[in-house]
Amino acid sequence: MTLRLLHLRTSQRAQLLEITSELEGLVRESGVVEGILVAQSLHTTAGLTINENADPDVVHDLRAKLERLIPKDETFYRHAEGNSDSHLKTSLFGPSLTVIISDGKLVLGRWQGIYFCDWDGPRERQVAVQILVSD
Amino acid sequence: MTLRLLHLRTSQRAQLLEITSELEGLVRESGVVEGILVAQSLHTTAGLTINENADPDVVHDLRAKLERLIPKDETFYRHAEGNSDSHLKTSLFGPSLTVIISDGKLVLGRWQGIYFCDWDGPRERQVAVQILVSD
Amino acid sequence: MTLRLLHLRTSQRAQLLEITSELEGLVRESGVVEGILVAQSLHTTAGLTINENADPDVVHDLRAKLERLIPKDETFYRHAEGNSDSHLKTSLFGPSLTVIISDGKLVLGRWQGIYFCDWDGPRERQVAVQILVSD
């Protein structure tokens, strides 16, 4: 498989943007039946996670709690861009994600969706995707 | 390799259940000598991690500190199920895990064990497992 | 591909040590053009992440904020070694990392570097590395 890039545009500073259907489309195009998909944010202030996509209040609560634990400003921050909180949130949620493919589809539980997590938007962002076959 | 499912049952709300030997059994069955194992929680309130399996006080302390940082209830939570803390802990520890296989075994350091982390038990849970060969 | 081991030595208790060039060297040696690299810390108090490698203030701020959220000592910690904070930080940043390889190189955004994160140094440490080909 060759590398694929997803081009995304976020609209808020902290935004969890669901990309499950885009990734499912790449799996379908690949024709891979059994394997894994690796998705990787190409940014140091945006990562990826899997969480609930049924009730939007879950995503609200994730962001609300994280904002309180890791607010934008701290007196001891040195980084001049003022987005150290975004860098930390990216490492905590993680910059990349591996998802199992089986029977030609991403293996996800009933309530699971895959989210691109922008912690320093709004911006244009890219996610690299590689698909591997399990012989 | 085809997809494997581990069926687990947890007995507490927050529980780190070691699944190293179950995963080692799947590697043995697969016959794979060099490769990787991908394990993925199929739930939005339970994830996976690697941590110490020698002294049970480590797991106690992980849970105790997380409970204080991210308590079950917050006045600003909107999600009606009352488990927003569990959703956040899942994204922080991560929903999936990739472990290297070499010489027919999982590559783990002396003190490392693989844990299923239930943040909203007790429940019946499932972990999907895929094994890939490194040619 | 056979397993590779990186041998590292850290010099501080909490240290983010960049290992991007060491990993790029392993990719070059492997001759793999399209695939993934899996890196895995073999320790329960040290993990891996991707974050900014341009301004060293970012790494300073990550550590400074984490030290305040998760200080070394808490009255409720039971683990006698006194490094429960290091175990928690390891699970939060994650013990392993999967990075896409394309065109014979690690796929990284402009500001991204790969860091070994020692939370309980200074020590001698090991990172296991496996490379898989995407057919």
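We just call them A, B and C in the order they show up, numbering each chain from 1.
By definition in this document, a residue touches a chain if its C-beta (ideal position, glycine included) is under 8 Å from a C-beta of that chain, and two chains touch if they have at least 3 such contacts.
It should be emphasised that the depicted structure is a prediction, and the values quoted were computed from it without experimental measurement.
Participant: Same or different for chain A and chain B, where same means more than half of the interface numbers show up on both copies?
Facilitator: At the contact between chain A and chain B, which are copies of one sequence, the residues are largely different (under half shared).
Participant: Give the rotation angle, in degrees and rounded to the nearest 5, that superposes the C-alpha atoms of chain B onto those of its identical copy chain C.
Facilitator: Angle of the fitting rotation, chain B to chain C: 120 degrees.
Participant: Could you tell me the distance, in whole angstrom, between the mean C-alpha positions of chain A and chain B?
Facilitator: About 19 Å, centre to centre.
Participant: Touching two or more other chains, which residues of chain C qualify?
Facilitator: 69, 92, 94, 98, 132 - these are the residues of chain C that touch more than one other chain.
Participant: Could you please specify the touching residues of chain A with respect to chain B in the complex?
Facilitator: Contacts found on chain A: 34-36, 49-52, 55, 57-58, 60-62, 64-66, 68-69, 92-94, 97-103, 107-112, 132, 134-135.
Participant: If you look only at chain C, which of its residues touch chain B in the complex?
Facilitator: 1-3, 38, 40-44, 69-70, 74, 76-81, 84-85, 87-88, 90-92, 94-96, 98, 126, 128-133
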